[in-house]
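Chain nomenclature is as follows: A, B, C and D, assigned in order of appearance, with residue numbering initiated at 1 for each chain independently.
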Amino acid sequence: MDAKTSIAQRVAKEVRPGTLVNLGIGLPSLVAQYTGENQGIFFQAENGVIGLGDPPPTGMEDRDLTDAGGGYITAIPGAAAIDSATSFGLIRGGHIDLTVLGGLQVDGRGLLANWKIPGKFVPGMGGAMDLVTGARKVIVAMTHTAKGVSKIVPQCTYPITSSRSVDLIVTERAVIQPTAHGLVLLEYAETTSIEEVISMTEADLIIPSNVKVIER
Amino acid sequence: MDAKTSIAQRVAKEVRPGTLVNLGIGLPSLVAQYTGENQGIFFQAENGVIGLGDPPPTGMEDRDLTDAGGGYITAIPGAAAIDSATSFGLIRGGHIDLTVLGGLQVDGRGLLANWKIPGKFVPGMGGAMDLVTGARKVIVAMTHTAKGVSKIVPQCTYPITSSRSVDLIVTERAVIQPTAHGLVLLEYAETTSIEEVISMTEADLIIPSNVKVIER
Amino acid sequence: MKPVLSPQAAADLIPDGATIMVGGFMGVGSPNRLIDAIATSQRTGLTLIANDTAMPEKGIGKLVSAGCIKTCIVSHIGLNPETQQLMNNGTLEVRLVPQGTLVEQIRSAGVGLGGVLTKTGLGTEVATGKQIVCVDDQNYLLEPPLRADVALIAARQADYFGNLEYALTAQNFNPIMALAADTVICEADHIVPVGMISPDAVRTPGVLVDHLLKRPS
Amino acid sequence: MKPVLSPQAAADLIPDGATIMVGGFMGVGSPNRLIDAIATSQRTGLTLIANDTAMPEKGIGKLVSAGCIKTCIVSHIGLNPETQQLMNNGTLEVRLVPQGTLVEQIRSAGVGLGGVLTKTGLGTEVATGKQIVCVDDQNYLLEPPLRADVALIAARQADYFGNLEYALTAQNFNPIMALAADTVICEADHIVPVGMISPDAVRTPGVLVDHLLKRPS
């Protein structure tokens, strides 16, 4: 299993029935594939739809029905089309139960950086700052390292996305919970070890006695 | 002709083709009867419709289509139904070309009072404060006196509706324009005289050399 | 799918002393069966946020007549002499708010903003004791967000997920109030199966609605 | 009835150096024939307010490619390497704004409010040099209103009075931008006679729209 799939599978277990969920573009968008059907979960695309469905059959794409990355989508029965003010009203107003976003860095305080690498690449924050600030629960879904360098750092060197700490970090190697005392290792992948996770994580980790192996 | 009819007829001459107009409940609502048809005028009712039409035929009233006073209305082809946030967005945002409102008092600075008689009757401001503050042009349509007492006063004794001066006052006896120099008498009714208007107006009036008789 | 409640079960969700928002404008577009159930249940000490108190024995006016309301935050009470009377004898506290400010205060709570910056009310009695904020050399009155424990709204048509469509001037405050309460209960004229309302026709997304009112049998 | 303009006549309404808003989200729901006409007309020095700059040679990206834009106020440029490049070599000024703040700044200008009080951006680079306002013991960032000289929007269907309906995710910023510009030009897929759109289906009232774009012959 590749890293992205294993991350998406683990994040999917955090999605509760009957909730409204926003998935960021890229890796987070894979999560939808692993949540069970008929659980009353509604996915929001912040460009203006509540109730994303499966990708459309080839040749049946609609140029006016896309996700926030511009990819063609469908919508489920009971979907609603909304404008950007309403969409971000829901996000900022605390109506989104869960958002899953990608990350460049998360630090020891649980702060996320995901919109700017100064002097290198500046995609912009898009909806990320509103999502991290406004969603009830924020999960960062990202690979543990980039080019061998830990993305979980003592303090973000890239500009942060919000002063609000994220609730959970899910990588292909570990599930980590930011707390007031620091980053707590909750789970590690069966393909790795606690020691290896520690060595690949630049930030300090708190290791409780009951760390579990990730179930997917 | 009664006072209300003569006021409404004179105000109607101020309504320009192709504009968006809000008429207050009561006397101001009569103005619509005297504007020409097919001039592309859209009337807004602030409770949520743009494009008010004639009153409905008896028996064809719709409980869900009313004006701001709760009276049954119809809507013209091209009408739009809007919620209260949009309705007042249009009002505050300067999208209303003209509003015509009733008044309890207007004073020498052109300030209007129309929502509260302390200790006696407090209807509330409803949409009046937003309309006077936000509409491009504000006309007060009211009788010149109430129980023999001038409603045009040196300074409002009732709480004012807005710190923005109204643009025109139309009564059954006179048309008066508030200016930086004071209230200017523009027109007087043929049934009265300049002297009588001055004597029935508690506020000072500036009388230019070219005061005209009101055309209806 | 959202729970479909009887009027009584819906009224039971509202404790004495709660803050409620009720949709409607002079009795048009109000959830009348919900109002009847609350009035019949003799709730007391409620704080009411609404455009107006309608007329005696009509729409929201029934809550005033039944003595349910301790405080009301409204823009207009001119057509309800009962409200005037209770205000004058000190039984009912009435806080008058300009209509455009009121609806934006509710919206700002619902969409996670810190309040409303408006010129409406500046230099009038309404501004007394309130903060003034200067933006680009212009002064604005700062009015705080307004939330409720329960919003009681009316719609023309719902699906069983809670997506709502409104009709004409019965829309008014309803879609805005749906954003700004811990619990949102909607009384719709019709309830249709999920999928029967076009996504483009939805004015209130079902995710905002907690309960639907059972249709009369 | 609103004037129906050719793309060229519409582009002629926009002088060099103007501030324009353009609807659309990653190329979806943008007024593409209007964009083509502006790009072909080689306008220069424009300030662009939009969600994003789409992709090179697609939607709003064409205005960047054609060198029309001096400054852009957007939330995302990640899918347009041309924008990155012009920003890096100093040819194009890019002001990045959180998406929810951007749409509310536009709305606040359109509905006559003094700006936006939001928690988004507090404690980040976005807050640098900006006013903080405290409401009910909570801090908010104050972001000022954003207006344009001309708004260029897209709709699924218009009537000849300018009432607009949108489709699915092509709605996005379009109805909000229609509120906040001195001149609003709409490119609709269909234009129908007045009266053919139900009042309840209208998402942008025609009173906000100044010009419609002529349909292709």
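Rule of thumb we're sticking to: contacts are C-beta pairs under 8 Å (C-beta built on N, C-alpha and C of every residue); 3 or more make two chains touch, one makes a residue touch a chain.
Here the structure is a predicted model, which means the values were calculated and not measured.
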**Request:** Could you tell me which pair, A-C or A-D, is linked by more C-beta pairs in contact?
**Result:** A-D
**Complete:** Looking at Cα centroids only, farthest away from subunit D lies chain B
**Rounded Å distance, subunit C centre to subunit D centre (Cα mean)** = 32
**Message:** Roughly how far is subunit B from subunit C, centre to centre by C-alpha average, rounded to an integer in Å?
**Reply:** 28
**Asked** Distance from the CA centroid of subunit A to that of subunit C, rounded to the nearest Å?
**Response** 35
**Request:** Could you list the positions in subunit B whose residues touch two or more of the other chains?
**Result:** 49, 75, 81-82, 85, 88-89, 91-92, 134
**Request:** At least two other chains touched by the same residue of subunit C: list those residues.
**Result:** 104, 107, 111-113, 118-119, 166-168, 199-200
**Complete:** Among line, ring, star, complete and other, the chain touch graph is other
**Prompt:** What are all the chain pairs that meet the touch criterion?
**Reply:** A-C, A-D, B-C, B-D, C-D
**Contact footprint of subunit C on subunit B as seen in their complex** = 45-49, 62-70, 75, 81-85, 88-89, 91-92, 115-116, 121-130, 133-134, 159-163
**Residues of subunit A that touch subunit C when the two form their complex** = 20, 40, 42, 49-51, 75, 77-82, 85-86, 88-95, 134
**Fill in**
Seen from subunit C, its contact residues with subunit B in the complex are 25-29, 51-52, 55, 74-79, 84, 87, 94, 96, 98-101, 103-104, 107, 118-126, 156, 166-176, 203
**Complete:** In the complex, the residues of subunit C that touch subunit A are 1, 107, 109-113, 159, 161, 163, 179, 194-195, 199-200, 202, 205-208
**Request:** Flag every residue of subunit D that touches subunit C in the complex, lowest number first.
**Result:** 104, 108, 111-119, 131, 133, 135-136, 138, 140, 142, 144-145, 165-168, 199-201
